[in-house]
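Pasting the structures here.
Each of the next two complexes has chain A plus one more chain, namely chain B in the first and chain C in the second.
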Partner chain A sequence: MSLIIKHLHVNIGGDPGKSLRRRSQKAPEKKILRDVSLHVADRERVGLVGASGSGKSMLAMSVMGLLPRTVHVSGSAVLDGTELIGGTPQDLADIRGRAVGFIFQDPGTTLNPVVPVGKQIEQPLRRHYDLSKEDRRERVSAMLEKVGLGASVASAYPHELSGGQQQRVGIACALITSPKLIIADEPTTALDAMTQLQIVELLVQLVDGAGASLLFITHDFSVLARVAQRSYVLESGEIVEEGDTAGLLANPSSQAGDRLVTAAKELTFARKESR
Partner chain B sequence: MLKFVVRRLALFCVALIVLSLLVFACLRILPGNVAAVMAGTNSTPERIAALSEQLGLNRSYPAQYFQWIGDLLHGNLGTSVLTGRSTMAETWQRAQVTLPLIVLGLLLSLVIGIPLGVVASSHREGGLHSVLRYVSLTAGAVPALWGGLLLILVFGRGVGLIGIFPSQGFPEDGWSSPASALVSLALPALSVGIISGAQMMRYTQSALDGIAESGYITMAMASGSTRARAIRTTGLRIVLPDLISVTGLSFAQMITGVLVIENLFSLPGLASMLVTDVGNRDLIKVQSELMLLAAFFLLIGLLTDIAHRVADPRMRGVGAESVAPAQEVSA
Partner chain C sequence: MKGFRSRLRRALSKIGGTFGYIWHRGEGRFALIVLGIWLLVCIVAAFWTPESLDTSDGYNTWASPSPAHPLGTDGTGRDMLSWLMAGSGTELQIVVATCMLAALIGIVFISFTLARSALASEIAVVVTDTLLSIPIVLIALILAVPLGASLTVIIIACGVSYGLNLARIAKPQAVLAANSRYVEAARAAGSSRGRAFFRHVLPNVIPVMSVQLSICAGTAILAEAGLTYLGIGVPAGTASWGASLSASASFISIFPLTVVWPGALITIVVVALNLFGDSLRRAVDPVVNSQLRAAAEEVERGSGK
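Showing the complex of A and B:
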């Protein structure tokens, strides 16, 4: 499944929207993304790297209709021939969780704290497919095994799991319907180095196994090197560099790319020194 | 969970004992002899002495207290000095008006408040959000007496514009004719329910607004829900424990809040009985009634706490031990 984004602009403020009509309440417009174009080909793993606040997460959220209506999105984002920008909330909801799976940064703040994780992994199946309870349960058990958790974890609540286990549940939620595009928004940021490695390897293995495409968003080049074949560098809402990840790591041409690569190298060096 | 329930039950018993001591002490600390107050200002010393003898008030305080508690435990609340009727029988009869009124009012409050709160929160970016917010603020600010009067003027049989509900009294044969009993509670329950429903709506809306932009809602949307649906399902489930607590508090508030409503609609309920008994200086009866009322408050608190624990798995380990440590599951 391919995703082609062209001339994407995301602004906050400016137009006060229906609930804030008075002129005095008009907030100054803030440009979050400016003329962003990127392409994720079928079965390709693409990285989107940028410093905190560069607009990486907003890109994924805006394209898939996860932002409030007060955020203005323009441009084009075509998912396998379907234009996403301007789609109705219901149209986009029909795509999310079925054709596109999301993995978020901190599962501790995204997994429903009062519902067992098995029920949460089941959610996309309930929303999009008419399956019997037994079928859903079987698929959840199989998915939990796939992400390296036992089927017994289905009855656990998020607070009973470690951070790494929670992220595995997050991956299971994203992959349960076998979507053909996975958007992973800094899925390893909240984890320790060892767990980061495990999660990254699991993700790559599952995405390749399912024949899906991956858009991997991160600020960490050292993680990206293990995941993405091709990468984009985002700075202050603009794509400043793109190319194959190995090339970007070896010889970044933009200042932002250079800073991120240097930081990744220094961090890796520091980690090795501290061992 | 079982540990929590046992601990909470123990606490309930302790609180009951403390409350019984307080209620007992309050009536004895008040200026004047209980028997003298009950007998009235113009009564003779002989009458006061006879009343003291009759009620056992000439005995020591501990003896009086233990006698009272012993009677309470056996379901004997004593008899009214004025009417000679059993307090237990009269309380039970009156409770058949007040408790259904509170339950109906609470149900109306939930039926009105929660769906409207969800609708308001689901339309956060539209005008409906503001409209519903102002409706809830206005309805919540209406005094119960005035709201009840308005309802009588609109719906009261014989006096209202659309006279479909009785506005005074309760059937003498009580619940033996359920339809007429229910109809006679319609306007009082609406008076209580609308005001409490407005508060419930404001609380539901505020609680849902607090998580509408949270990761939980984003996650539910990523699984295939629209924002409105995510707020309706995931959001409501997350705030459910808080709503349970608020419902418990509303229930407790209503016990005292129905006083005005019972008087306005001439309902022979518990609140009007208590007011009448205080006015009649039937203090020994008031003592038992206060005790029952306090026990009922505590019971509501106990049930609310247990329901809160059931609805929020994060709380199940808290209090009994500590939060359950992360399970080690083989990865």
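Showing the complex of A and C:
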């Protein structure tokens, strides 16, 4: 499944909408994304890298219509021939979770603390497919096995699982409906280095196994190298560089890319020195 | 049919587990015993009372406890035990109906305060705060004009007032849940706002609601007693603890026992309801309840670290 984004603009603030508060309270308009264009081809793994606050997550949220009304999105985002920008909330809700799976940053906060994880994995199935309870339970068990957790984990609550296990549940939630495009928004940021590697390996294996495409959002070049075949560098809401990931890592041409690569290298060097 | 049976079995085992957890705590056990006796008395009183409620012994008014009248008689010679037994059913009706109405109003107002439209949300907050400032007695007095003294007045007045109170108390928890990452994740998986509300926001509000509803149940009994005393509660001739209390309250210094029985009954049941709510919250909150956590002991902690 391919995703083609062209001339995407995202502005926040301005008109606060109908409210009992005075209109004078409206916030000044701020540009979050400026003329962003990128594409993810069928079965391709693409990285989107940038420093914190560069607008990476806003890109994913804006394309899928997950931003509040006060955020103005313009441009074009075509998912396999379907225009997403300006789509009706119902149409976008039908696409989310079925055609596009999301994996979020911190699994500790993206899983509901009072709902057993099995039920949380099952919810996209309930929303998008008319399956019997037994069928759904079977699929959840199979999915849990696939992500390396036992089927018995279904009855556990999120706080009973480690960070790595929680992120595996997050991946299971995103992949349970077999979507053809996965958007992973910094899925390894909250994890330690060992677990990062395991999660990245698992994600790549599952995405390739399912024949899906992946848009991997991160600020960590070391993780990106393992995941993405091609990458984009985002800075202050603009794409400043693109190319194959290995080339970008070896010889970044933009200042933002250079800063990120240098920081990653220095951190790796510092880690080696401290050992 | 098979699916229904297995669902029923799972639901019963879940309820059994919850009550088992409550039973294992001292205050929970006290609450369950008191509420169990209350329920039993309601059922028995629906079919049988020691004396008919229409019987009044004019020669034995304000009688002390005796084998014929174990709790004595009131100023019209009616058997206190029979009237208190019959009154327990009235209290149960009031408690159940008030809690249901309060829960409904609470959920509706919480959902409005979380509405996507800023206008709807702000109106809901203003309406909640405005109506909350009106005392229950005033609402009951207004309702009593068209409805007269009746159970409906007590139920609507308490239900509306406690429902709005519930909405206000549960609002921070609901707002926290509604703005959480897991609701965002649910929306990203295609859930509508309504679906996310019922599947993610409400389960987070239920522990708060269970405590509030138990307090509401206790206070509804107290309100019934108060409103009946004022003459706008339970109509004359209907058995209720509040009616028994108000009928004898003026004679407390002369015949204290006739006030002590209904008063003690109300106090014990209200305390039991509050303790039950507290225990229920612990039982249904997986973060607090270690036994709920232990239920997932078979989790393969070794796998997928």
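Following the convention adopted for this analysis, the second predicted complex is superposed on the first by the 269 of 275 C-alpha atoms of A that agree within 3 Å, B and C clash if a C-alpha of one lies under 4 Å from a C-alpha of the other, contacts with A are read in each partner's own complex, and residues count from 1 in each chain.
Throughout what follows, contacts are C-beta pairs under 8 Å (C-beta built on N, C-alpha and C of every residue); 3 or more make two chains touch, one makes a residue touch a chain.
Since we're looking at a predicted model, the values are computed, not measured.
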Fit or clash - chain C, chain B, common chain A: clash
Partner chain(s) touched by A:243 [first = chain B, second = chain C, both, neither]: neither
Contacts of A:13 with chain B and chain C, given as first, second, both or neither: neither
First (chain B), second (chain C), both or neither touched by A:133: second
Partner chain in contact with A:109 - chain B first, chain C second, else both or neither: both
Which superposed partner A:155 touches (first chain B, second chain C, both, neither): second
Candidates 6-14, 24-32 or 42-50 of chain B: the single one with C-alpha clashes against chain C: 6-14
Chain B and chain C contact sites that coincide on chain A, given as residue numbers: 17-19, 64, 66, 69, 93-94, 96-98, 101-102, 104, 106, 109-115, 120, 123-124, 127-128, 148-150, 152-153, 156-157, 159-162, 164-165, 168, 173-174
Chain B - residues contacting chain A, complex: 124-127, 129-130, 213-216, 218-229, 234, 237-238, 240-241, 311-314, 323-324, 326-331
Chain B partner contacts - residues on chain A that touch it in the complex: 17-19, 61, 64-66, 68-70, 89-90, 93-94, 96-98, 101-102, 104, 106, 109-115, 120, 123-124, 127-128, 148-150, 152-153, 156-157, 159-162, 164-165, 168, 173-174, 198
Of chain C, residues touching chain A in the complex: 3, 116-119, 122-123, 126, 180-182, 184-192, 195, 199-200, 203-204, 206-207, 285-287, 292-293, 295-296, 298-301, 303-305
Residues of chain A that touch chain C when the two form their complex: 16-21, 64, 66, 69, 93-98, 101-102, 104, 106, 109-116, 120, 123-124, 127-128, 133, 147-150, 152-153, 155-157, 159-162, 164-165, 168, 170, 173-174, 195
